[in-house]
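Shown below is the structure under consideration.
In this document, chain identifiers A, B and C correspond to the written order of the chains, with residue numbering beginning at 1 in each.
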Amino acid sequence: MANEQRAAIIGVVTASDRASAGLYEDESGPAIEAYLRVALATPFRIERRIIPDGFESVRDTLIDLADNVGCDLIVTTGGTGPSPRDLTPEATRAACPRELPGFGELMRQVSLTQTPTAILSRQLAAHRGKCLVINLPGKPRAIELCLDAVMPAVPYCLDLIGAAYVETDPSRVESFRPKAK
Amino acid sequence: MANEQRAAIIGVVTASDRASAGLYEDESGPAIEAYLRVALATPFRIERRIIPDGFESVRDTLIDLADNVGCDLIVTTGGTGPSPRDLTPEATRAACPRELPGFGELMRQVSLTQTPTAILSRQLAAHRGKCLVINLPGKPRAIELCLDAVMPAVPYCLDLIGAAYVETDPSRVESFRPKAK
Amino acid sequence: MANEQRAAIIGVVTASDRASAGLYEDESGPAIEAYLRVALATPFRIERRIIPDGFESVRDTLIDLADNVGCDLIVTTGGTGPSPRDLTPEATRAACPRELPGFGELMRQVSLTQTPTAILSRQLAAHRGKCLVINLPGKPRAIELCLDAVMPAVPYCLDLIGAAYVETDPSRVESFRPKAK
(Lines give C-alpha, C1' and ligand atoms only; values in the text may rest on other atoms or scores of the structure.)
Protein backbone atom coordinates (compact mmCIF):
# COMPACT_ATOMS: atom_id res chain seq x y z
CA MET A 1 0.00 0.00 0.00
CA ALA A 2 0.98 3.62 -0.46
CA ASN A 3 3.70 5.21 1.60
CA GLU A 4 2.23 8.44 2.98
CA GLN A 5 5.43 9.48 4.77
CA ARG A 6 7.40 11.13 2.00
CA ALA A 7 7.16 13.38 -1.03
CA ALA A 8 6.82 11.60 -4.36
CA ILE A 9 9.74 11.55 -6.77
CA ILE A 10 8.68 11.97 -10.38
CA GLY A 11 11.00 11.39 -13.31
CA VAL A 12 10.41 13.40 -16.50
CA VAL A 13 12.33 11.91 -19.39
CA THR A 14 12.62 13.53 -22.81
CA ALA A 15 13.82 11.04 -25.44
CA SER A 16 15.07 13.09 -28.40
CA ASP A 17 18.29 12.92 -30.40
CA ARG A 18 18.05 16.58 -31.29
CA ALA A 19 17.11 17.87 -27.86
CA SER A 20 19.84 15.85 -26.13
CA ALA A 21 22.42 17.17 -28.64
CA GLY A 22 21.31 20.73 -27.93
CA LEU A 23 20.05 21.23 -31.53
CA TYR A 24 16.53 21.81 -30.41
CA GLU A 25 15.06 23.20 -27.24
CA ASP A 26 13.05 20.64 -25.30
CA GLU A 27 9.50 21.95 -24.92
CA SER A 28 7.89 18.66 -23.93
CA GLY A 29 9.71 18.09 -20.65
CA PRO A 30 8.89 21.58 -19.36
CA ALA A 31 5.26 21.12 -20.48
CA ILE A 32 4.99 17.96 -18.40
CA GLU A 33 6.62 19.64 -15.44
CA ALA A 34 4.24 22.61 -15.67
CA TYR A 35 1.28 20.23 -15.86
CA LEU A 36 2.37 18.33 -12.76
CA ARG A 37 2.90 21.53 -10.76
CA VAL A 38 -0.71 22.48 -11.42
CA ALA A 39 -2.31 19.03 -11.24
CA LEU A 40 -0.76 17.62 -8.07
CA ALA A 41 -1.73 18.80 -4.59
CA THR A 42 0.79 16.77 -2.56
CA PRO A 43 4.54 17.53 -2.39
CA PHE A 44 6.84 16.04 -5.01
CA ARG A 45 10.29 16.44 -6.48
CA ILE A 46 11.04 16.23 -10.20
CA GLU A 47 14.06 14.51 -11.76
CA ARG A 48 14.58 15.68 -15.34
CA ARG A 49 16.51 13.73 -17.99
CA ILE A 50 17.09 14.65 -21.63
CA ILE A 51 18.50 11.65 -23.46
CA PRO A 52 18.98 10.44 -27.04
CA ASP A 53 16.33 8.26 -28.63
CA GLY A 54 17.10 4.57 -28.61
CA PHE A 55 16.47 1.34 -26.82
CA GLU A 56 19.41 1.25 -24.38
CA SER A 57 19.36 4.94 -23.50
CA VAL A 58 15.68 4.90 -22.57
CA ARG A 59 15.73 1.49 -20.87
CA ASP A 60 18.78 2.30 -18.76
CA THR A 61 17.43 5.72 -17.77
CA LEU A 62 14.14 4.19 -16.65
CA ILE A 63 15.90 1.51 -14.61
CA ASP A 64 18.22 4.06 -13.02
CA LEU A 65 15.35 6.40 -12.14
CA ALA A 66 13.27 3.56 -10.69
CA ASP A 67 15.96 1.62 -8.83
CA ASN A 68 18.59 4.20 -7.85
CA VAL A 69 16.72 7.51 -7.72
CA GLY A 70 13.61 5.86 -6.28
CA CYS A 71 11.04 7.41 -8.60
CA ASP A 72 7.38 6.64 -7.91
CA LEU A 73 6.29 7.79 -11.33
CA ILE A 74 8.21 8.36 -14.56
CA VAL A 75 6.67 10.21 -17.46
CA THR A 76 8.44 9.97 -20.81
CA THR A 77 7.97 12.06 -23.92
CA GLY A 78 9.08 11.19 -27.43
CA GLY A 79 10.01 8.06 -29.31
CA THR A 80 6.60 6.37 -29.50
CA GLY A 81 5.96 6.51 -33.25
CA PRO A 82 6.84 4.03 -36.02
CA SER A 83 10.16 5.63 -37.07
CA PRO A 84 13.21 3.37 -36.77
CA ARG A 85 14.63 5.51 -33.93
CA ASP A 86 11.35 5.48 -31.99
CA LEU A 87 12.09 2.85 -29.36
CA THR A 88 10.58 4.24 -26.17
CA PRO A 89 7.80 1.61 -25.94
CA GLU A 90 10.27 -1.25 -26.47
CA ALA A 91 12.57 0.24 -23.82
CA THR A 92 9.69 0.74 -21.40
CA ARG A 93 8.60 -2.85 -21.83
CA ALA A 94 12.16 -4.05 -21.27
CA ALA A 95 12.46 -2.03 -18.04
CA CYS A 96 8.98 -2.79 -16.72
CA PRO A 97 7.75 -6.37 -16.45
CA ARG A 98 4.07 -5.48 -16.23
CA GLU A 99 2.08 -3.51 -18.79
CA LEU A 100 -1.21 -1.73 -18.09
CA PRO A 101 -2.84 -1.77 -21.53
CA GLY A 102 -5.70 0.53 -20.58
CA PHE A 103 -3.42 3.57 -20.47
CA GLY A 104 -2.25 3.27 -24.07
CA GLU A 105 -5.75 2.45 -25.30
CA LEU A 106 -7.27 5.50 -23.61
CA MET A 107 -4.48 7.89 -24.61
CA ARG A 108 -4.80 6.86 -28.26
CA GLN A 109 -8.57 7.17 -28.04
CA VAL A 110 -8.51 10.74 -26.75
CA SER A 111 -5.72 11.69 -29.15
CA LEU A 112 -7.88 10.43 -32.02
CA THR A 113 -10.32 13.23 -31.30
CA GLN A 114 -7.53 15.62 -32.35
CA THR A 115 -5.74 13.81 -35.17
CA PRO A 116 -6.18 10.60 -37.19
CA THR A 117 -2.46 9.88 -36.88
CA ALA A 118 -2.96 9.12 -33.18
CA ILE A 119 -3.16 5.43 -34.16
CA LEU A 120 0.54 5.58 -35.04
CA SER A 121 1.47 6.07 -31.40
CA ARG A 122 2.68 2.96 -29.63
CA GLN A 123 2.69 4.67 -26.22
CA LEU A 124 2.02 2.48 -23.21
CA ALA A 125 2.21 2.40 -19.43
CA ALA A 126 3.84 -0.28 -17.33
CA HIS A 127 5.37 -0.58 -13.91
CA ARG A 128 8.70 -1.69 -12.53
CA GLY A 129 7.94 -2.71 -8.97
CA LYS A 130 6.89 0.44 -7.12
CA CYS A 131 7.45 2.76 -10.08
CA LEU A 132 4.80 3.51 -12.73
CA VAL A 133 6.06 4.55 -16.19
CA ILE A 134 3.79 6.38 -18.64
CA ASN A 135 4.80 7.13 -22.23
CA LEU A 136 3.47 10.41 -23.61
CA PRO A 137 3.58 11.81 -27.15
CA GLY A 138 6.05 14.51 -28.13
CA LYS A 139 3.81 17.52 -28.70
CA PRO A 140 2.82 19.73 -25.75
CA ARG A 141 -0.84 19.84 -26.75
CA ALA A 142 -1.05 16.06 -27.09
CA ILE A 143 0.78 15.68 -23.78
CA GLU A 144 -1.86 17.66 -21.92
CA LEU A 145 -4.68 15.71 -23.56
CA CYS A 146 -3.13 12.40 -22.55
CA LEU A 147 -2.33 13.46 -19.00
CA ASP A 148 -5.86 14.76 -18.50
CA ALA A 149 -7.16 11.35 -19.61
CA VAL A 150 -5.05 9.11 -17.40
CA MET A 151 -4.15 11.26 -14.38
CA PRO A 152 -7.46 10.56 -12.57
CA ALA A 153 -6.34 6.92 -12.18
CA VAL A 154 -2.69 7.57 -11.30
CA PRO A 155 -2.96 8.19 -7.52
CA TYR A 156 -4.84 4.93 -6.95
CA CYS A 157 -2.43 3.08 -9.23
CA LEU A 158 0.49 4.36 -7.15
CA ASP A 159 -1.32 3.14 -3.99
CA LEU A 160 -1.72 -0.34 -5.49
CA ILE A 161 1.91 -0.75 -6.55
CA GLY A 162 3.17 0.58 -3.20
CA ALA A 163 4.55 3.92 -4.40
CA ALA A 164 4.28 7.29 -2.60
CA TYR A 165 0.90 8.75 -1.74
CA VAL A 166 -0.19 11.40 -4.22
CA GLU A 167 -3.25 13.60 -4.44
CA THR A 168 -4.39 15.71 -7.35
CA ASP A 169 -5.85 19.18 -7.13
CA PRO A 170 -9.52 18.51 -7.84
CA SER A 171 -9.95 21.91 -9.50
CA ARG A 172 -7.60 20.66 -12.26
CA VAL A 173 -7.82 16.82 -12.17
CA GLU A 174 -10.45 14.87 -10.33
CA SER A 175 -8.80 11.63 -9.30
CA PHE A 176 -10.56 8.64 -7.85
CA ARG A 177 -9.77 6.08 -5.14
CA PRO A 178 -12.35 3.31 -4.83
CA LYS A 179 -13.20 2.38 -1.24
CA ALA A 180 -11.49 -0.79 -0.09
CA LYS A 181 -13.68 -3.86 -0.20
CA MET B 1 -17.81 -26.04 -35.27
CA ALA B 2 -20.04 -26.05 -32.23
CA ASN B 3 -21.13 -29.26 -30.58
CA GLU B 4 -24.91 -29.02 -30.22
CA GLN B 5 -25.25 -32.38 -28.49
CA ARG B 6 -24.50 -31.49 -24.89
CA ALA B 7 -24.99 -28.93 -22.16
CA ALA B 8 -22.20 -26.40 -21.81
CA ILE B 9 -19.85 -26.59 -18.84
CA ILE B 10 -18.96 -23.18 -17.46
CA GLY B 11 -16.21 -22.60 -14.92
CA VAL B 12 -16.58 -19.69 -12.51
CA VAL B 13 -13.29 -18.97 -10.78
CA THR B 14 -12.86 -16.50 -7.93
CA ALA B 15 -9.21 -15.57 -7.39
CA SER B 16 -8.95 -14.04 -3.92
CA ASP B 17 -6.59 -14.72 -1.04
CA ARG B 18 -9.17 -13.58 1.47
CA ALA B 19 -12.15 -15.38 -0.02
CA SER B 20 -10.23 -18.66 -0.39
CA ALA B 21 -9.09 -18.41 3.25
CA GLY B 22 -12.67 -17.88 4.38
CA LEU B 23 -11.93 -14.35 5.69
CA TYR B 24 -14.30 -12.76 3.26
CA GLU B 25 -17.47 -14.01 1.63
CA ASP B 26 -17.15 -14.32 -2.12
CA GLU B 27 -19.82 -12.14 -3.71
CA SER B 28 -18.35 -12.06 -7.20
CA GLY B 29 -18.63 -15.75 -8.05
CA PRO B 30 -22.34 -15.86 -7.07
CA ALA B 31 -22.94 -12.63 -9.04
CA ILE B 32 -21.49 -14.26 -12.16
CA GLU B 33 -23.52 -17.40 -11.57
CA ALA B 34 -26.72 -15.37 -11.15
CA TYR B 35 -25.97 -13.48 -14.34
CA LEU B 36 -25.44 -16.65 -16.35
CA ARG B 37 -28.68 -18.21 -15.07
CA VAL B 38 -30.60 -15.22 -16.41
CA ALA B 39 -28.62 -14.58 -19.58
CA LEU B 40 -28.32 -18.09 -21.04
CA ALA B 41 -31.24 -19.90 -22.63
CA THR B 42 -29.55 -23.26 -23.30
CA PRO B 43 -28.71 -25.84 -20.60
CA PHE B 44 -25.40 -25.55 -18.78
CA ARG B 45 -23.63 -26.75 -15.67
CA ILE B 46 -21.46 -24.52 -13.49
CA GLU B 47 -18.17 -25.53 -11.89
CA ARG B 48 -17.22 -23.14 -9.07
CA ARG B 49 -13.67 -22.64 -7.77
CA ILE B 50 -12.48 -20.26 -5.05
CA ILE B 51 -8.69 -20.10 -5.10
CA PRO B 52 -5.89 -17.89 -3.77
CA ASP B 53 -4.53 -15.12 -5.98
CA GLY B 54 -1.30 -15.98 -7.75
CA PHE B 55 0.16 -17.16 -10.99
CA GLU B 56 0.30 -20.93 -10.42
CA SER B 57 -3.03 -21.22 -8.63
CA VAL B 58 -4.93 -19.47 -11.41
CA ARG B 59 -3.01 -21.04 -14.28
CA ASP B 60 -3.36 -24.57 -12.93
CA THR B 61 -7.06 -24.09 -12.17
CA LEU B 62 -7.72 -22.86 -15.71
CA ILE B 63 -5.83 -25.77 -17.26
CA ASP B 64 -7.64 -28.28 -15.03
CA LEU B 65 -11.05 -26.81 -15.83
CA ALA B 66 -10.32 -26.73 -19.56
CA ASP B 67 -8.55 -30.06 -20.00
CA ASN B 68 -9.97 -32.33 -17.28
CA VAL B 69 -13.40 -30.90 -16.48
CA GLY B 70 -14.01 -30.01 -20.14
CA CYS B 71 -15.23 -26.45 -19.66
CA ASP B 72 -16.42 -24.60 -22.73
CA LEU B 73 -16.19 -21.24 -21.03
CA ILE B 74 -14.39 -20.08 -17.90
CA VAL B 75 -15.13 -16.75 -16.29
CA THR B 76 -12.68 -15.48 -13.69
CA THR B 77 -13.10 -12.68 -11.17
CA GLY B 78 -10.33 -10.94 -9.28
CA GLY B 79 -6.63 -10.42 -9.67
CA THR B 80 -6.60 -8.17 -12.74
CA GLY B 81 -5.23 -4.95 -11.20
CA PRO B 82 -1.64 -3.71 -10.79
CA SER B 83 -1.08 -5.03 -7.23
CA PRO B 84 1.81 -7.48 -6.86
CA ARG B 85 -0.62 -10.34 -6.09
CA ASP B 86 -2.82 -9.57 -9.10
CA LEU B 87 -1.64 -12.23 -11.53
CA THR B 88 -4.82 -13.45 -13.21
CA PRO B 89 -3.98 -11.99 -16.65
CA GLU B 90 -0.48 -13.49 -16.59
CA ALA B 91 -1.94 -16.85 -15.55
CA THR B 92 -4.62 -16.68 -18.24
CA ARG B 93 -2.02 -15.95 -20.88
CA ALA B 94 0.11 -18.85 -19.66
CA ALA B 95 -2.84 -21.25 -19.84
CA CYS B 96 -4.27 -19.97 -23.12
CA PRO B 97 -2.07 -19.66 -26.20
CA ARG B 98 -4.35 -17.29 -28.04
CA GLU B 99 -5.56 -13.90 -26.83
CA LEU B 100 -8.61 -12.05 -28.14
CA PRO B 101 -7.67 -8.43 -27.48
CA GLY B 102 -11.08 -7.02 -28.34
CA PHE B 103 -12.60 -8.37 -25.12
CA GLY B 104 -10.23 -6.50 -22.80
CA GLU B 105 -10.45 -3.34 -24.87
CA LEU B 106 -14.25 -3.31 -24.80
CA MET B 107 -14.54 -4.23 -21.12
CA ARG B 108 -12.19 -1.40 -20.14
CA GLN B 109 -14.05 0.98 -22.40
CA VAL B 110 -17.45 0.29 -20.85
CA SER B 111 -15.96 0.28 -17.34
CA LEU B 112 -14.51 3.73 -18.03
CA THR B 113 -18.05 5.08 -18.21
CA GLN B 114 -18.32 4.18 -14.50
CA THR B 115 -14.86 4.92 -13.10
CA PRO B 116 -11.57 6.41 -14.33
CA THR B 117 -9.63 3.64 -12.60
CA ALA B 118 -10.95 1.18 -15.21
CA ILE B 119 -7.68 1.74 -17.09
CA LEU B 120 -5.87 -0.08 -14.26
CA SER B 121 -7.56 -3.35 -15.19
CA ARG B 122 -5.43 -5.74 -17.19
CA GLN B 123 -8.34 -8.11 -17.82
CA LEU B 124 -8.29 -10.08 -21.06
CA ALA B 125 -9.88 -13.00 -22.84
CA ALA B 126 -8.06 -15.87 -24.48
CA HIS B 127 -8.78 -19.44 -25.42
CA ARG B 128 -7.19 -22.77 -24.69
CA GLY B 129 -8.33 -24.99 -27.55
CA LYS B 130 -12.09 -25.38 -27.19
CA CYS B 131 -12.33 -23.36 -23.98
CA LEU B 132 -12.78 -19.58 -23.86
CA VAL B 133 -11.51 -17.78 -20.74
CA ILE B 134 -12.74 -14.29 -19.83
CA ASN B 135 -11.28 -12.25 -16.97
CA LEU B 136 -13.76 -10.06 -15.11
CA PRO B 137 -13.19 -7.40 -12.46
CA GLY B 138 -13.89 -8.08 -8.80
CA LYS B 139 -16.90 -5.90 -8.09
CA PRO B 140 -20.40 -7.25 -8.83
CA ARG B 141 -21.53 -4.04 -10.55
CA ALA B 142 -18.46 -3.98 -12.80
CA ILE B 143 -18.94 -7.68 -13.51
CA GLU B 144 -22.43 -7.11 -14.88
CA LEU B 145 -21.29 -4.19 -17.01
CA CYS B 146 -18.50 -6.25 -18.56
CA LEU B 147 -20.65 -9.33 -19.16
CA ASP B 148 -23.33 -7.21 -20.82
CA ALA B 149 -20.66 -5.83 -23.14
CA VAL B 150 -19.04 -9.08 -24.29
CA MET B 151 -21.77 -11.70 -23.91
CA PRO B 152 -23.40 -10.89 -27.29
CA ALA B 153 -20.25 -12.24 -28.98
CA VAL B 154 -19.69 -15.27 -26.76
CA PRO B 155 -22.02 -17.84 -28.41
CA TYR B 156 -20.48 -17.28 -31.85
CA CYS B 157 -16.99 -17.36 -30.35
CA LEU B 158 -17.78 -20.73 -28.77
CA ASP B 159 -18.99 -21.97 -32.20
CA LEU B 160 -15.73 -20.91 -33.82
CA ILE B 161 -13.45 -22.59 -31.29
CA GLY B 162 -15.53 -25.78 -31.35
CA ALA B 163 -17.05 -25.52 -27.87
CA ALA B 164 -20.64 -26.37 -26.87
CA TYR B 165 -23.57 -24.63 -28.52
CA VAL B 166 -24.96 -21.85 -26.35
CA GLU B 167 -27.84 -19.45 -26.82
CA THR B 168 -28.62 -16.35 -24.82
CA ASP B 169 -32.06 -15.24 -23.71
CA PRO B 170 -32.69 -12.33 -26.07
CA SER B 171 -34.78 -10.51 -23.45
CA ARG B 172 -31.58 -10.15 -21.40
CA VAL B 173 -28.68 -10.42 -23.89
CA GLU B 174 -29.05 -10.18 -27.62
CA SER B 175 -26.29 -12.31 -29.06
CA PHE B 176 -25.32 -12.48 -32.69
CA ARG B 177 -24.23 -15.22 -35.08
CA PRO B 178 -23.24 -13.97 -38.55
CA LYS B 179 -24.50 -16.14 -41.38
CA ALA B 180 -21.85 -18.43 -42.81
CA LYS B 181 -20.23 -17.12 -45.98
CA MET C 1 11.74 9.57 -44.90
CA ALA C 2 9.42 8.83 -47.79
CA ASN C 3 10.73 8.07 -51.21
CA GLU C 4 8.82 10.33 -53.59
CA GLN C 5 10.57 9.00 -56.71
CA ARG C 6 8.53 5.92 -57.46
CA ALA C 7 5.04 4.47 -57.49
CA ALA C 8 4.02 2.56 -54.39
CA ILE C 9 3.74 -1.22 -54.51
CA ILE C 10 0.77 -2.54 -52.56
CA GLY C 11 0.28 -6.21 -51.73
CA VAL C 12 -3.28 -7.49 -51.39
CA VAL C 13 -3.30 -10.91 -49.74
CA THR C 14 -6.39 -13.08 -49.39
CA ALA C 15 -5.89 -15.83 -46.81
CA SER C 16 -8.58 -18.44 -47.42
CA ASP C 17 -8.41 -22.20 -47.79
CA ARG C 18 -11.52 -22.24 -49.95
CA ALA C 19 -10.62 -19.30 -52.15
CA SER C 20 -7.09 -20.58 -52.76
CA ALA C 21 -8.47 -24.02 -53.69
CA GLY C 22 -10.88 -22.42 -56.15
CA LEU C 23 -13.96 -23.57 -54.18
CA TYR C 24 -15.07 -20.05 -53.53
CA GLU C 25 -14.63 -16.85 -55.44
CA ASP C 26 -12.53 -14.32 -53.60
CA GLU C 27 -14.61 -11.17 -53.13
CA SER C 28 -12.45 -9.57 -50.44
CA GLY C 29 -9.28 -9.07 -52.46
CA PRO C 30 -11.15 -7.34 -55.31
CA ALA C 31 -13.03 -5.19 -52.75
CA ILE C 32 -9.72 -3.98 -51.31
CA GLU C 33 -8.34 -3.35 -54.77
CA ALA C 34 -11.43 -1.33 -55.74
CA TYR C 35 -11.15 0.68 -52.54
CA LEU C 36 -7.51 1.54 -53.16
CA ARG C 37 -8.20 2.60 -56.76
CA VAL C 38 -10.72 5.15 -55.48
CA ALA C 39 -8.93 6.24 -52.29
CA LEU C 40 -5.38 6.80 -53.52
CA ALA C 41 -4.40 9.79 -55.67
CA THR C 42 -0.76 8.85 -56.34
CA PRO C 43 0.36 6.06 -58.70
CA PHE C 44 0.64 2.52 -57.35
CA ARG C 45 0.88 -1.06 -58.53
CA ILE C 46 -1.00 -3.93 -56.88
CA GLU C 47 0.42 -7.39 -56.22
CA ARG C 48 -2.38 -9.89 -55.57
CA ARG C 49 -1.95 -13.19 -53.70
CA ILE C 50 -4.58 -15.79 -52.85
CA ILE C 51 -3.15 -18.27 -50.38
CA PRO C 52 -4.37 -20.93 -47.95
CA ASP C 53 -4.98 -19.98 -44.32
CA GLY C 54 -2.19 -20.89 -41.95
CA PHE C 55 0.83 -19.57 -40.16
CA GLU C 56 3.60 -20.42 -42.66
CA SER C 57 1.66 -19.54 -45.79
CA VAL C 58 0.78 -16.06 -44.54
CA ARG C 59 4.13 -15.36 -42.89
CA ASP C 60 6.15 -16.43 -45.93
CA THR C 61 3.92 -14.48 -48.31
CA LEU C 62 4.31 -11.31 -46.23
CA ILE C 63 8.09 -11.69 -46.07
CA ASP C 64 8.31 -12.34 -49.81
CA LEU C 65 6.13 -9.33 -50.65
CA ALA C 66 8.09 -7.06 -48.31
CA ASP C 67 11.63 -8.22 -49.02
CA ASN C 68 11.58 -9.49 -52.62
CA VAL C 69 8.70 -7.65 -54.27
CA GLY C 70 9.44 -4.46 -52.31
CA CYS C 71 5.90 -3.70 -51.15
CA ASP C 72 5.37 -0.45 -49.25
CA LEU C 73 2.02 -1.58 -47.90
CA ILE C 74 0.40 -5.00 -47.62
CA VAL C 75 -3.26 -5.40 -46.84
CA THR C 76 -4.46 -8.85 -45.83
CA THR C 77 -8.00 -10.20 -45.62
CA GLY C 78 -9.14 -13.30 -43.76
CA GLY C 79 -7.84 -15.43 -40.93
CA THR C 80 -8.19 -12.98 -38.04
CA GLY C 81 -10.89 -14.75 -36.01
CA PRO C 82 -10.60 -17.33 -33.22
CA SER C 83 -10.97 -20.46 -35.40
CA PRO C 84 -8.04 -22.87 -35.29
CA ARG C 85 -7.13 -22.08 -38.92
CA ASP C 86 -7.23 -18.31 -38.35
CA LEU C 87 -3.54 -17.54 -38.03
CA THR C 88 -3.09 -14.29 -39.93
CA PRO C 89 -2.31 -12.17 -36.83
CA GLU C 90 0.27 -14.68 -35.58
CA ALA C 91 1.84 -14.77 -39.05
CA THR C 92 1.85 -10.99 -39.29
CA ARG C 93 3.56 -10.69 -35.93
CA ALA C 94 6.15 -13.27 -36.97
CA ALA C 95 6.92 -11.38 -40.18
CA CYS C 96 6.85 -7.89 -38.68
CA PRO C 97 8.92 -7.06 -35.61
CA ARG C 98 6.96 -3.96 -34.67
CA GLU C 99 3.24 -3.76 -33.96
CA LEU C 100 1.16 -0.58 -34.09
CA PRO C 101 -1.63 -1.40 -31.62
CA GLY C 102 -3.73 1.65 -32.46
CA PHE C 103 -4.78 0.17 -35.81
CA GLY C 104 -6.35 -2.96 -34.34
CA GLU C 105 -7.99 -1.02 -31.53
CA LEU C 106 -9.59 1.46 -33.91
CA MET C 107 -10.68 -1.14 -36.47
CA ARG C 108 -12.40 -3.18 -33.76
CA GLN C 109 -13.99 -0.05 -32.37
CA VAL C 110 -15.55 1.01 -35.66
CA SER C 111 -16.55 -2.57 -36.47
CA LEU C 112 -18.37 -2.73 -33.13
CA THR C 113 -20.78 -0.12 -34.43
CA GLN C 114 -21.90 -2.76 -36.97
CA THR C 115 -21.71 -6.03 -35.05
CA PRO C 116 -20.99 -7.20 -31.49
CA THR C 117 -18.81 -10.02 -32.83
CA ALA C 118 -16.20 -7.43 -33.85
CA ILE C 119 -14.44 -8.18 -30.56
CA LEU C 120 -13.58 -11.63 -31.93
CA SER C 121 -11.27 -10.11 -34.51
CA ARG C 122 -7.59 -10.25 -33.66
CA GLN C 123 -6.60 -8.04 -36.60
CA LEU C 124 -3.54 -5.87 -36.17
CA ALA C 125 -1.05 -3.74 -38.05
CA ALA C 126 2.71 -4.01 -37.87
CA HIS C 127 5.64 -3.14 -40.03
CA ARG C 128 8.59 -5.03 -41.43
CA GLY C 129 11.18 -2.33 -42.07
CA LYS C 130 9.80 -0.12 -44.83
CA CYS C 131 6.63 -2.16 -45.34
CA LEU C 132 3.41 -1.63 -43.38
CA VAL C 133 1.07 -4.62 -43.02
CA ILE C 134 -2.60 -4.16 -42.12
CA ASN C 135 -4.93 -7.09 -41.38
CA LEU C 136 -8.52 -6.60 -42.49
CA PRO C 137 -11.61 -8.72 -41.83
CA GLY C 138 -13.04 -11.03 -44.47
CA LYS C 139 -16.32 -9.34 -45.37
CA PRO C 140 -16.35 -6.58 -48.02
CA ARG C 141 -18.52 -4.27 -45.93
CA ALA C 142 -16.30 -4.65 -42.86
CA ILE C 143 -13.24 -4.12 -45.07
CA GLU C 144 -14.48 -0.74 -46.21
CA LEU C 145 -15.34 0.34 -42.68
CA CYS C 146 -11.87 -0.56 -41.43
CA LEU C 147 -10.05 1.05 -44.35
CA ASP C 148 -12.03 4.25 -43.91
CA ALA C 149 -10.97 4.31 -40.27
CA VAL C 150 -7.23 3.79 -40.67
CA MET C 151 -6.43 5.10 -44.15
CA PRO C 152 -6.18 8.77 -43.01
CA ALA C 153 -3.06 7.81 -41.03
CA VAL C 154 -1.46 5.51 -43.63
CA PRO C 155 0.37 8.08 -45.82
CA TYR C 156 2.15 9.63 -42.83
CA CYS C 157 2.94 6.18 -41.44
CA LEU C 158 4.56 5.25 -44.77
CA ASP C 159 6.61 8.48 -44.58
CA LEU C 160 7.84 7.59 -41.11
CA ILE C 161 8.94 4.06 -41.95
CA GLY C 162 10.62 5.22 -45.16
CA ALA C 163 8.20 3.68 -47.66
CA ALA C 164 6.96 5.26 -50.90
CA TYR C 165 5.15 8.58 -50.84
CA VAL C 166 1.39 8.16 -51.10
CA GLU C 167 -1.46 10.64 -51.20
CA THR C 168 -5.14 9.94 -50.79
CA ASP C 169 -7.91 11.53 -52.81
CA PRO C 170 -9.39 13.94 -50.27
CA SER C 171 -12.86 13.57 -51.76
CA ARG C 172 -12.78 9.94 -50.56
CA VAL C 173 -10.27 9.82 -47.67
CA GLU C 174 -8.89 12.86 -45.94
CA SER C 175 -5.42 11.90 -44.79
CA PHE C 176 -3.22 13.90 -42.49
CA ARG C 177 0.49 14.69 -42.30
CA PRO C 178 1.51 16.70 -39.24
CA LYS C 179 4.02 19.46 -39.96
CA ALA C 180 7.56 18.58 -38.98
CA LYS C 181 8.62 19.96 -35.61
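FYI, a contact is a pair of C-beta atoms (placed from the backbone, for glycine too) under 8 Å apart; a residue touches a chain by one contact, two chains touch by 3 or more.
Note that the structure is a prediction, hence the values are computed from the model and not measured.
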item	value
Copy-to-copy rotation for chain A and chain C - C-alpha atoms, rounded to a multiple of 5°	120
Interface residue identity across copies chain B, chain C - same or different by half	different
Distance between the centres, which are taken as Cα means, of chain C and chain B, whole angstrom	31
Shared-contact residues (touching 2 or more other chains) in chain A	105
Sites on chain A touched by chain B in the complex	98-103, 105-106, 127, 132, 150, 152-153, 156-157, 160-162, 175-178, 181
In the complex with chain A, residue positions of chain B that touch it	24, 81-84, 104-105, 108-109, 112, 115-122, 138-139
